[in-house]
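Heads up, the thing below is written out as structure tokens.
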């Protein structure tokens, strides 16, 4: 089988993304988590650029640039600033059994591959197997959000999910129309902005970013 | 009757409906108690009179109309056929007296409340008329629920009392659940072609299974409104809570809308009738009737007593419907016509007699401020005019000849007696048992009515406040006299009435009693043949009345009329206080004893050494604990379980969404 | 409606009126004999009535018009009932107006009135009597109705005349249903006419009395009418029993020739029935009032069984 | 051009309010902006009704009967809500719950929120639709947390995270949609345009589309509040300011449902089966039933009506899931009447809660006594939302239930039980709040009851008489949805 180098590289990136998703799933420390997120963004930008190169879709270069800007530079920077301001640098997550989570994650990956298999068959793009990985990383991020008990890691999980989606958009479909991508980027930015405000408010109201304080609204 | 004015009866009926609505609005605008009472309500009675006239004229012909309201493809269809005309006649005739009574009853109410009540009252009337007129499912449901809603607001007129609110709640809840069931029944009957008109439903053929579903849903839905077991719980709560004219209207007229609905669905809209529907209705009706009358016998609140009595009568009417269905299913049309006639007759009778009694309780309530039977006694001396009117009411209610209650029971028993020969052995066995149960219920009704009348009007006053009681006012008496006239006329001239009922039986079961019912003249009622059964109420009345008069005259003539007044003898007991009479509880005691397994009795028996012993007994509906409480409990349990899902942890919420996603993905794969 | 029919009706009206106290006297006399007493003689009821009519009526202070009207209504009802039952001839012009159901209705009407009148004065005994009377009534009435229904279903009619004609005409068939019905009817008769074991017409014992408790406050002519009505009621019940269970020998239609025979036969039947009643009354003890519902329930059950048997075995 | 005004006015308004929101007459200005939006949308509506659907700006915006009806509804309810929020917010300010800066944020976000909803409705691009939905979430998050109380922050947080995650799924669905579409339509701008997708829907790859629909349904379904994805909804409704609850319930949920229905049209075309409909029915039914049992245990009045919204959104989803002319018509009608009624209820509830100083139902008593308008508004609104004729909610429930009874009879026991339980729960509590002895006190500003009765009058009208042009409009939309 003769797969062009770029394709191999993209597949490599996909594998790396998956690996990072697993790493994030098991990471306890917030700072490392953010760093992993930045790394994920970097790989994403790289793979987008690769796709742009192979498919000659020029707008994907903008996408790559946007990703680099937003997800590798701005967001991690904002997050770093936030945790410094809120003084939660040393927060350590208490999570339940990491091996179990990993096992569940593994099952999810298999499930996602399975799901994506028939679609990948018909994908005309060079990167047809990436859809499964994208879906897997979305699901893994989802799992991460479920298992995190602090606000910041949850948000990182949320952003990682966006990354997964973005990867799906670029690698599987050569990117969405530019308008849409700009819109999505704007939303992410505004969302982060709002979240930033939010963190401060929550911090003021609850004295902590621990989500266990936010279980008051319920059926009793 | 209205032809010379170029109007169809249905136009007149619609005119009256509009007139009522205008009156209601006028009442809301007037905000003046005296004006509303003495002006609006008598006008409303005139409307009722016109309505009754139009309905009488409309019995013989079918007229339709379409109002440009409603759904886009489904304007409001109206139809005045014999069945609706009969029930509109019932509505009009019975509401005359109620409106006149209201003119007197409400005159002292606060203006703001009265104007609101006036609006609700007239919407209630108008929506009932529209229920009878409706010829498509949508219009029917709109009118039906408007009726429920307006009557709910009428029931909660006195909403400061928690009991009243509770009653209103229970009422509307059960009514609404019933309405959903009715709606579903229509859903079955429209059978997917999206045409909700009744005429389309008439032409739809349903399989036996679906027809049965439709029938059962309708029976459940309408039964909830009628107070058929086990959906009766609202009735004894709501009727006492409402102002008396409203109770009269609800009991006398509104319950009949449910009867109308059952008849409409089972005999008109569904094209097949299965015999077991009839057997089921029959059994249900009997249980309801017996249940109602037994509980009526042990009540201590006069309006609750009447409410339970209404349950009984609805049961009897349902028995009639059941019989009709059985006969109709076996193509015994003559018998079906007889049973149906009895059913309709009883519905009409009940409208008059129960309204009369409820109106009477209104006068008593106004005169004494009491509802508890234990506080009454000897009112015949304080309210003699009312006592006479009420005597007619209880005699009719007890099903005694020559009044109207007897006629319908007589017809129904005739239908039972003629039923042998059904091609189904079990039914043949069921029928005599049913007849026996019916006879038992009828006899118990006598017990109940003696208790009702005796405890309120006879004996010595049990409470000192009764000394200030005054007789019913003029308007109130006029209203009740209308009812009394109805009771007597229906009792004395059955052959004449049946001639008019024939239009309905002809329409529903394609047979009528007309040819035979009056074959020996209007004097005698002979439903099938003179040799088989006949009844001449006028003769009876004349003989009993005449016999009494002759006896009086003879005794006066032959002996002497000397009379002395003295203290009561009472076997020589010296102390004669009011407390020595039977209380309402006491009077019901034998029934309570016999049927104790049937009810939930809470007793407080005084100790033998108590110097001021007070016996206290309360009877509760066992079905409440057997049926309603479990439903409530299950509801709470499910609610608690469901509530646990929403426990405030965002992780779990995410997990739900995650699992949902995975499940769906797995599903489509 | 022929003149002969009118004549029959008139004769029967007068006859029952006059004969009713006699029947009561006969039963009382039989009871006396059976109890080894000499008795007051068969005409004692007449003497009682005359005595009562001559007395001054005493009314309680708070008696209402209802109280005063009741004896007359009661009397008229019972008179009508007794006059309706075809005993001598089956051609009675009043009969079409009142069939068996209406007959039961008339009894019920009378019962309701007397019960109301009993409650009117507001004495302890009055309301007690009324309550017990209604208790007995609500079970007796359907039982009676069921008995009559059994006969009606056999004859396919609720008209008394048709029933009697059918039953008298038919070949003698032993109807098992009618046997049940007869027993039930007899029990109802005992209860409805305030006889032992349900009630005792000759005591004023507070624990037991039903009928007497209700009429305690009546005196003089009112009491006379009430008593007379009771006698009429007993006669009516007796004749209904005869009409249903032993109708043979009645003068069908307006058959003049059969009439003398019918009269003799009727007297014979009534004599036997009266003696039988007295015998049963003497042999049984008054039961506790709480037992009465059971007793009546049995009667009701028997009557229903009778009707069921008819459907099971005879159709 | 109308589209420009419809979108431009609120966008411009949002910016203006951000600047001038602290002025004394900001509330009136806010209402005026909403009114202008409403007028513009009315003009747009007449144009669509008379001239038929059209699209502009490189087909990026598209108007047909389906969305223009929602545009008109959104603009109308947006306008009446702004009328309501005028006295309401002043009273809140008077009670010291809000500062002037918060009010500025409120007015600004209110206009932007209107903009995002209208954008979501008017855009032809499924991607932009997603963007607008996300933006709507973001603006409302700020509105929900307006009071800055711990509870409101918690509610807003949950709202943000749950809806954010949900919408991420929707984005994935959109990507999959694009993935399928680009095969047919080619990469680039047109592949996400709904009109184009609609034309080629039968050629779209079924497996991809079914997968896409699952993601879209879960995504937008979170926003609709379908059980079990609904958990954010009661919190957000209960803790946000009442006008926000009104527009959330009345409008935003509708817009999310709109997105699902648009997707369903495509998926149905591609699959040729009833899969999408069945999924929607299942979700709808589950929502109705679960919401009913949640209703039975509520103590907070706004929370209760939030659950009622879940119930009704479930019913609409169920109706659209059933499909067919009658059920779809009913679904559209239900959207309309539910918006009107539920927002009216929230208006009344808002004032009732202000009067009693609490949202706990046990402390709200005897409204009819102290302020008959609030009391009657709440009573009639509640009865209307419970499906009591002659109000319009009944009309649509009538059609939904009768159709369901025939087509899917097995759903009937569930619906019967759910509607019964819901009725008992809401009605019993409403009765206690409205009737009886009162606990309320006077408000510093007269309550805004005109919107309430205006809405209820419209709902009543729809119950008794649906004007022919409105019916045509619904029918056109029904034909579009199929």
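Letters A, B, C and D mark the chains as written, and numbering starts fresh at 1 in each.
One rule holds for everything that comes next: contacts are C-beta pairs under 8 Å (C-beta built on N, C-alpha and C of every residue); 3 or more make two chains touch, one makes a residue touch a chain.
Treat the numbers as computed from the prediction; the structure is a model and nothing was measured.
Student: Which two chains does the highest number of contacting C-beta pairs join?
Tutor: So the pair of chains linked by the most contacts is B-C.
Student: Which chain is most central here if centres come from C-alpha coordinates alone?
Tutor: The most central chain here turns out to be B.
Student: For chain A, which other chain has the most distant CA centre?
Tutor: C
Student: Hey, how far is the Cα centre of chain A from the one of chain C, in Å?
Tutor: Taking the average C-alpha coordinate of chain A and of chain C, the gap between them is 99 Å.
Student: How far is the middle of chain B from the middle of chain D, if each middle is the mean of its Cα atoms, in Å?
Tutor: About 43 Å, centre to centre.
Student: Would you kindly tell me how far, in whole Å, the mean C-alpha position of chain D lies from that of chain A?
Tutor: Roughly 31 Å separates the two chain centres.
Student: Compute the distance, rounded to whole Å, between the mean C-alpha positions of chain C and chain D.
Tutor: Using C-alpha averages as centres, the distance is 77 Å.
Student: For chain D, write out the residues touching at least two other chains, lowest number first.
Tutor: Residue numbers touching two or more other chains: 157-158, 161, 165, 211, 234, 294, 297.
Student: If you look at chain A, which of its residues touch at least two other chains?
Tutor: 115, 142, 145, 154, 214-217, 219
Student: Mark out which residues of chain B touch at least two other chains, giving numbers and ranges.
Tutor: Counting only residues that touch two or more other chains, chain B contributes 643, 645-646, 650, 654, 661, 665.
Student: Among the chains present, which pairs are found to touch?
Tutor: Pairs flagged as touching, ordered by label: A-B, A-D, B-C, B-D.
Student: Which positions of chain A touch chain B when the two form their complex?
Tutor: On the chain A side, the touching residues are 111, 114-115, 139, 142-143, 145-149, 154, 211, 214-220.
Student: Under the touch definition given earlier, write down the residues of chain C that touch chain B in their complex.
Tutor: Answer in residue numbers: 53-54, 56-64, 66, 69, 72-73, 75-77, 79-80, 94, 96-99, 101-102, 105-106, 108-109, 111-112, 115-116, 119-128, 130-132, 134-135, 137-139, 141-142, 145-146, 149, 152-153, 156-159, 162, 204, 206, 216-217, 221, 225, 290, 293, 300, 303-304, 307-308, 310-312, 315.
Student: Spell out the part of chain B that touches chain D in their complex, as residue ranges.
Tutor: Answer in residue numbers: 68-73, 137-138, 141-146, 148-149, 156, 159-160, 162, 165, 168-169, 172-173, 176-177, 180-181, 183-184, 186-188, 190-192, 194, 196, 213, 635-636, 638-640, 642-643, 645-646, 650, 653-654, 656-657, 660-661, 664-665, 668.
Student: Quick one: which bits of chain D touch chain B in the complex? Just the residue numbers, please.
Tutor: 157-158, 161-162, 165-166, 169, 210-211, 214-215, 217-218, 222, 228-229, 231-232, 234, 275, 279, 290, 293-294, 296-297, 325-326, 368, 383, 386-390, 394-395, 398-399, 401-407, 409, 412, 415-416, 419-421, 423-424, 427-428, 431-432, 435-437, 463-466, 468, 471, 474-475
Student: Mind listing the chain A positions that touch chain D in their complex?
Tutor: Per the stated touch rule, the residues are 57, 115, 118-119, 122-124, 131, 135, 138, 142, 145, 151, 154, 158, 161-162, 165, 168-169, 172-174, 176-177, 179-180, 183-184, 186-187, 190-191, 194-195, 198, 201-202, 205-206, 214-217, 219.
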